[in-house]
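Shown next, in structure tokens, is the structure this report addresses.
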Amino acid sequence: MQMTRDLRIVSVQEWREAAEGTVSVRGLSAWYGRHRALTDVSLEVRPRSVTALIGPSGCGKSTLLRCLNRMHEVVLGATVSGQVLLEDEDVYGSGVDPVSVRRRVGMVFQQPNPFPTMSIYDNVAAGLRLAGTRNRGVLDGKVEQALRQAALWDEVKDKLRKPGTALSGGQQQRLCIARALAVDPEVLLMDEPASALDPVATARIEELMVELKRDYTVVVVTHNMQQAARVSDYTAFLLSEDGGGGALVEYGETRQVFEEPRDERTRDYVTGRL
Amino acid sequence: MARELRTGMLPPRVRRASINWGDRAFHGITTGFALLIAALVALLVLELATESVPALSRFGPGFLASTSWNPVTGEFGALPFIYGTLATSALALALAWPIGVGAAAFLTELAPRFVRSILGTMVEMLAAVPSVVYGLWGVFVLVPLLRERVEPWLIERLGVLPVFSGPPFGLGVFAAGLLLAVMILPTLASVSREAMSAVPRGQREALLALGATRWEVIRAVVLAQARSGLVAATVLALGRALGETMATVMVIGNSPSINVSIFAPASTMASVIANDFNEATGLQKAVLLELGLILLVVSLAVNTAARLMAARSTR
Amino acid sequence: MISTYRRRKLANMLMLSLLGAAALVAVVPLIAVAAYVVLEGAGAINLDFFTQLPSPAGEAGGGMGNAVVGTLELVAIASALATPTGVMAGIYLAQQGRGTRLGPLVRLLSDVLNGVPTIVVGLFVYGLLVLTTGSFSALAGGVALGVIMLPVIARTTEEAVLQVPSSVREAALALGLPEWRATLRVVLPTARSGILTGVILGVARISGETAPLLFTAFGNSFWSLDPTKPIASLPVQIYNFATGPYESWHRQAWGAALVLMTMVLALNLAARWLSRSR
């Protein structure tokens, strides 16, 4: 009796947790003014995995990423059609506030961009504070946890009051990751998070991505094929042909996409012939 | 092919309104304050227009061409003030233009960095001196100097020309024009400098490499390409000169008369308002308000023109 | 050939020297005015100048304490009105106004308002507040100065907000902050020194203004802090004393000019230093 009930609860939890962080893209197109940047992309992002978006420059990787948390519309004149489902809820549905979407889907940018007027601590606490968390103890705990998750705690624990911009580039990027994690997102989007960093800092960010997929769904844009092969579980290859806006050419397990691509164009790209 | 069926080729309509209530309120508030600026300009015109109705209906457009000014009989005309305004502004522009544009060219093209920063700062500080301080300096330094030295000297040598004739009052169009020239100098210099710095470096070097002298480069490339910016600078400076009040009222002699000589006292639209408004009653107040309205409309036109030109030249 | 070359060389020398001369001539007035203000004004500056009322017509002694206080009050009223208004309008110009038709129009009108003769602003506020309340007042003077200050603050705020890298704003939005919070808590603090520069420039611009005060704040021979009563100010006092008949008034006027000019130049230099050190 007892046992059955416990089992049932555990399985419901499991079921919920399995669904948390699922992102389904359905027929997504995106424009900048009249310029189409993305054409009818559909893909299912698996929860708790790292999905890499690859493709030549200008094929719409960043655009696709920014459509997932409605950052695309921040650009003046940018529009979207299609659906992005976050656990069955369309983030573009009427009545959905982009603010609540972005709380669930965090983002890390190519250039580290800590808030220039805030200390390290305040940067990490920014999202929580501005959402109304005032309790000092709660904040302290969250800040430490996020900094630990971002593998930055040991380096900054003695200088939390220093400005965030005083850190090195790699540290700043991990600070931005901590800042995004502190608000407990389900999905973490990263747009070439290591391209502005040196090889050592890049290696740390890559380790971090692998760590993070235990708790989060990670989608990462990268130019670096080896990086995609090293860190990701799934890979999506986009291509923009004759200026028609980027389209999804191939999507599958990373090993399959790199080793036995189904599409000619994917093969050309991953072998460096494009 | 199939995807063309599913999604259209054209972008959907832009949804501008946020659904976040805080954002909506915030947009409303900032838009409200922006509209306040627009409303202020409209209200300025409206207010002055309604207040000057008695004068407008009494004198009609003939007001602009009449020279009478008699508060006792209630006869008023704007011509002497229009003349005074135009004469002082024209004189100021004629004096300040070569100096302002020349200084701008020197600072952008020739001056070493440290000279540029010192002289540039000093020229800009000219704009910071309050106009009443220029007026004070005009009354106690410039006017005596003009009366005792400069004007007698000019009259002796150039007195045959009507513009330089007559007794040396000190107070008058000449003194006002000189002070105005100083006051519009920084406007001329800084707007011209902006226009000149916007000329691409490569163009200068291309001409220098053809064996041109520095002056030829300045004339053929810098001044030529900055032309619309220089026009904007001139118009902006003119706008400032037309409406400048305190320095003018203190040194122009405040006499509603038209004289050929630049040494004679006169009045401008701004100076007569400053001088007479608090003492005026009834119709005369309305007349002064109408002068203010004219000044406003002219300055709106001049500034709009200058801004549109400046926007075009620095793009 | 040779002669053409010499002629061009000569023209070059001549014109370059003329340009240099123009630059030198341009700074002569500043030096001349500053020198006279310092020489003539220094003698009038003492403790009494800041603490005493003007002495009765023609008598020696006295000060301009009421005008110093009056100027500070007028500037405070103007800043209190124009700063929030201008900052909000500046935010509109930099953000919501982009890509709309209203944005460029407001920007143009703001520049145009900046060029309206200040005496006209005085007439406007006279009709708006003095006629309707039936009395000259510090409040009317402050409103007139505020109208003059408003476009300065709006445009410098716009520029300061545009200087904030879009990555900073996007980082805030990506954290799930609504736009208004991102603007007020992240963008504005980042633009802080630019906005402060604008406010300082605005204060510098209005603290020497005389014309808009003549028919609004008017003047007052006595101490007054009451915003509903006429109030004395340094610029108006300089005008009245300089155009008056007494030697002692003239000396006081130079003293007031020294105080005013020191204040305005200091504010301008502070603004420059602030915008450099950014």
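So that you can tell them apart, the chains are marked A, B and C in the order they are listed, and the count of residues begins at 1 in each.
Everything that follows uses one rule, which is that a contact is a pair of C-beta atoms (placed from the backbone, for glycine too) under 8 Å apart; a residue touches a chain by one contact, two chains touch by 3 or more.
Note that the structure is a prediction, hence the values are computed from the model and not measured.
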| item | value |
| --- | --- |
| Chain closest to the middle, measuring from C-alpha centroids that were averaged per chain | C |
| By number of C-beta contact pairs, the top two chains | B-C |
| Taking each chain's C-alpha mean as its centre, the one farthest from chain B | A |
| Centroid spacing, where centroids are CA-atom means, of chain B and chain C in whole angstrom | 17 |
| Approximate Å spacing (C-alpha centroids) for the pair chain A, chain C | 49 |
| Inter-centroid spacing, chain B versus chain A (mean Cα positions, whole Å) | 55 |
| Contacts with two or more other chains, residues of chain A listed in rising order | 77, 99 |
| Multi-partner residues of chain C (at least 2 other chains) | 178, 181 |
| Residues of chain B touching at least two other chains | 18, 20 |
| Footprint of chain B on chain A - complex, ascending | 27, 29, 31, 33-34, 36, 39-40, 73, 77, 79-82, 95-99, 247 |
| Residues of chain A touching chain C in the complex | 69, 71, 74, 76-77, 99-104, 106-107, 109, 111, 113-117, 126-127, 130-131, 176, 179-180, 183 |
| Of chain C, residues touching chain B in the complex | 8-9, 11-12, 15-16, 18-23, 25-27, 29-30, 32-33, 36-37, 40, 85, 88-89, 91-93, 95-97, 102-103, 105-106, 108-121, 123-124, 126-128, 147, 150-151, 154, 178-181, 183, 204, 207-211, 214-215, 218, 235, 238-239, 242-243, 250, 253-254, 257, 260-261, 264-265, 267-268, 272 |
| Residues of chain C that touch chain A when the two form their complex | 98-99, 165, 167-178, 181, 185-186, 189-190, 192 |
| Touch list for chain B against partner chain C, complex | 18, 20, 22-23, 25-27, 29-38, 40-41, 43-44, 47-48, 50-51, 98-103, 105-107, 109-111, 119, 121-126, 128-137, 139-141, 182, 185, 189, 213-216, 218-219, 236, 239-240, 242-246, 250, 270, 273-274, 277-278, 288-289, 292, 295-296, 299-300, 302-304, 306-308 |
